[in-house]
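After this come two complexes, each holding subunit A, first together with subunit B and then together with subunit C.
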Partner chain A sequence: MNITMLSLQTMNGLTIAAIYILLASGLTIVLGMQGIINTAHGFFYMLGAYIGFTLISRTGLGFWLCLPAAFAVCALLGAGLEASGIRTLTKWNRGHVHQVVLTLGFAIVGTEVVKFIWGTVPQSTSLPSILRGAMVIGPIVYPKYWLFVIGFSFSIMVALWIFFNWTGLGILVRSIDINREASETLGTNAPLLTTIIFGLGTGIAGVAGVLAGPILGVDPNMGFELLMVLFVVIILGGLGSLMGTIASGVLIGLIIAYGTMLLSGLAAKILVFGVMIVILIFRPSGLLGRGTAIE
Partner chain B sequence: MTSGKTRTYGRFTWENKRVKLNGSDTMLKLHEVHTYYGESHILQGLTLHVKTGECVALLGSNGMGKTTTLRTIMGVAPAKRGEVWFDGENITRLAPFKIARKGLGYVPEDRGLFERLTVNENLRVPFLNLRGANRRQWTEVLDSIVSLFPVLGRRESQFAGSLSGGEQQMLSTARALISGHKMILLDEPTEGLAPIVVGDLVKALRKLKERGHTIVVVEQNFKTASALADRGYILRKGRIYHEDTMEHIGEKMDLFQHHLEQDHAREDKAS
Partner chain C sequence: MKSATLPNVNGQKVRFSVYWWVPLLAVLAALPAVFSLSGFADYLNYVAVRIMILALYAMSFDIVYGYAGMFSLGHAAFLGGGAYVAGILTRQLGLDIQDTLPVLLAAALFGVVLGWVMGFLASRLASPLAVLLVTFAVAETLGLFVMADPLRITSADNGIPGIPRETLGWIIGIETEVGFYYVVLVILSLSYVALRAITRSPFGDALLAIRENRLRASFLGYRVTHYQIAAFMVSGLFGSLAGALTAFHEQSCSPEIFNFFVSGDAFIYTVLGGAGTLFGPLLGTTIMIVAQEVIGDIFHNWLFFLGLIYIGLIMFMPGGLYPLILARFTHDENSCMQDTAPRS
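And then the complex of A and B:
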């Protein structure tokens, strides 16, 4: 294996990581902060990919309009799911099993609706002209779009970090994460904020779907396939930790890229779970986990 | 009703506020309140009232429903039957955040601090929830808090979890004051604190009282309670056993204790 091949695989790994990180950030906020297990997260990612595909291929709307459109649709749908379903379960003091059943049921029904509307044949999304072609970085030739995905995901993570650490709303969200009852007795509308943050998480999943479409293709099962890896990313990073999500996303992205090159796709996936088990033995709260803190 | 020094910022009013209560001077009223924890019937028809600007102590031994009374007022342990009225409004069925936004502050027994947030961020939580509050007013609120609890000014950027017990209690009280511009509920504010710290805290609370704040305090230590409160309620089994001025309660304390012990002995015998 020469240096060019190694560099290319590293960049491939970072691109995969960028999509994982973006997707997992929404999931870790919802699970780490609110303790909600949203198994429909993959569905929102798939829905975002279909929204992108439809708006670009069938309506002629630009790629740049797809990103906010997918965010808005997925965020509103996610907020609706939280406000109507999960909040009711919380009110009835139902636990995680009920959340899993509700969100999984929602995802299954949603996926069937998507199949009914778009069919089961995998689709591919075209790119805007500015992101087509390749860039030459030293010895490697790399697709412009992949670099864009890395940069875009990084920007979203920075924006999330600023939101949680430097804004008033972020302080309120963190206060709910630490002590929900105390925060409510100080006037925080915790139910509304929970809905907003849940919507933010599913909206980001939709954006990740739009970004992944041109690389990984669009098909109705793309969300379910990724869900297990996403849970590995957030558990390995430490629940609720955005920095941990970045670290574990990069680690898993690189393991998949190198594992696929040196062994096979299946072996790479097995390797991911192996690494997770080893790390959790030595660090049970994950790489950068500290309880359920959002850092 | 008299009005103290009142600052009004648009829809937002904070500090030294005395409120006219629909022609009445009663700030808080509980009528025949029943609260349950699961199957346990904790408050069994509790009735009490607190006048504007008054400091009232809830007294009684452990497990008599003092903490539950405060939690019921705040909506954290909502009443199943009966009514809770605050500032002329029925708040019995309201969510805790809605009750807090009506100007009621609460300092729970465990202080309820956000350990991984700084002192400044802890104080900002109730401020951010006030309607019409802005950055300029934040500086004024912070100055006012620091004038009451100077130590918090020196610890502003420190994590709440790293403060001493006394400092944590001051932070919790200060935080409740920001949301509770009409009234604050204090649950065992001096519990676990060194005597010198208790002295400082009592001084600060007395200052609050002088400024016209309405206060309800749950306190095990009668001496501390009588240093703060004008009037007291002795609770027994989720009901009011006796109501009087702190002075009179103090005079008859031995008699009350004797009666309560006799009641306990009778119950033990019966069971």
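And then the complex of A and C:
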């Protein structure tokens, strides 16, 4: 194994990590606020990928218009799911497991609808001309688009970090996260903000889907497959911690990239689940989390 | 904290004036004869056996979910593990085992061991979501191991075809679908009786107490983690038994059995019928398999309806059907078991 191979796999790992991080950030903010794991997250990712595929291949709309379009559709659908279903269950005083099952049902129905509209054949999205081709970085030649994905994911994470730390709305959201009742007493519209954050999370998932389309392909099962890895990323990262999500996303991305290179794709996956079990047992608060990752 | 009222699922207040199981067993015993009158007896027998096996699987899930109050999203590990034990013992190791009885026992033993592993992992975690994830990860890991096949015994994604099904206990012939039907019926009945005894024992009461309030149960001196592990072991025993029966029924096994939808099925069967009751999973499985056969046949799109059932059940009927029926027939306010499903 030479240095070229190693750095190539490292870059691959980072690109995959960029997509994981984008997706996991949406999951982790919902988990932090509502204490539920949105199992429909993978569905929104898949829906975003199909929206991107359709807009690019069927219409003349550019790649750049797809990103906001996928975000809008997924965010609205997600907000609708939260406002109609999850909020009702919260009102009825049901446990979190019921809410998880609800999102699971939604994901199953949604996936079937997508299969009905687009069929089950895997598709691939084409790239905008500006992002085609490759670049030379040190010893390796790397596709421009993959570098773009890393950069884009990074900027979204910076934007989220600014939102949660420096804007009034973001700070209100965090106050709900810390103590919902106290925050509501002080006049925060917690249900509305919860819906908005849920929508934000699913919208980001949609954007991640558009970005992943040209790299990982577009097929109806892509969501469920990725969801399992995302669970590992958010648990490893710790509750609602964006920094933790970035760190664990990079770690898991690299484990998968190196594992695939040295062993096999399946072995890499087993390794990831092994990591998840060990962490849940010995450090339920995650590697960088302060509180418990899941309560 | 939720109120700690124990529902009457142990039958202390719900009593039947008739032995309802006598006519039920009679009907079940007569079914193959009825089926043989129709033109597609084989198919009907096949579906009936499938219902009974999966009902056993759902009941095993109910021990963990309905009684011990832990949401396992990895129950397919037991079903798949049992099926693969059957497949490996009969086909892959060259042991030349002609009878199904030792294989069934081995699968049950495997289930107990796997149940210990899963219970050990799950009982260390207080949060229901963490339990959900870790059980899910166990099933997924097992499925991936079967796919990766490092020991060269699971034949990767080809699955194991041609699992023989000749005799049970070297005497009873179960090659025919009807013979197998009666064997499964007897196993299911015995399992039901065993599980009923287990859930009505002090052990079952302790599980309910832990389900309702883990902290109070521990204050009363119950070793919560021990009970949770034991619940998983009991569950694993019957779950893997069902798995081995599945392998003998299909006469093959494939890695799809570890699929996450298989784990989800256990949940839906149980919750539709009524979690926290033993009859509920039987009822739920029957309804769901029949619906799957009918709807799948007409619309070829079963998953869509499955998703709708998920949503409808969890929103509007988390207590399940059987408690509603019971409440209707007993006219006893105390026996109304709405919301016997764990609220976690």
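Quick note on the criterion: the second predicted complex is superposed on the first by the 283 of 295 C-alpha atoms of A that agree within 3 Å, B and C clash if a C-alpha of one lies under 4 Å from a C-alpha of the other, contacts with A are read in each partner's own complex, and residues count from 1 in each chain.
Just so it is clear, a contact is a pair of C-beta atoms (placed from the backbone, for glycine too) under 8 Å apart; a residue touches a chain by one contact, two chains touch by 3 or more.
Everything numeric here is computed off the predicted structure, so don't read it as measured data.
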item	value
When subunit B and subunit C are modelled together on subunit A, clash or fit	fit
Subunit B versus subunit C as contact partner of A:181, first or second or both or neither	first
Touching partner for A:98 - first (subunit B), second (subunit C), both, neither	second
Partner, of subunit C and subunit B, that touches more residues belonging to subunit A	C
Contacts of A:280 with subunit B and subunit C, given as first, second, both or neither	second
Once both complexes are placed on the shared chain, angle at subunit A toward subunit B and subunit C, C-alpha, multiple of 10 degrees	90
Contacts of A:130 with subunit B and subunit C, given as first, second, both or neither	neither
Which superposed partner A:3 touches (first subunit B, second subunit C, both, neither)	neither
Partner chain(s) touched by A:262 [first = subunit B, second = subunit C, both, neither]	neither
Partner chain(s) touched by A:224 [first = subunit B, second = subunit C, both, neither]	second
First (subunit B), second (subunit C), both or neither touched by A:159	neither
Least C-alpha distance (whole Å) that remains between subunit C and subunit B when both complexes are overlaid	8
Subunit C-contacting residues of subunit A that also contact subunit B	293
Complex interface listing, subunit B residues touching subunit A	74, 76, 95-97, 99-101, 105-106, 108, 112-117, 121, 124-126, 128-130, 175-176, 178-179
Residues of subunit A that touch subunit C when the two form their complex	35-37, 85, 88-89, 93-98, 100-102, 104-113, 116, 224, 228, 231-232, 235, 264, 266-267, 269-270, 273-274, 276-277, 280-281, 284, 292-295
Residues of subunit A defined as touching subunit B within the complex	168-169, 171-172, 174-175, 178-179, 181-191, 293
Of subunit C, residues touching subunit A in the complex	71, 121, 124-125, 127-130, 132-134, 136-138, 140-141, 144-145, 147-148, 260, 264, 267, 301, 303-304, 306-311, 314-315, 318, 342-344
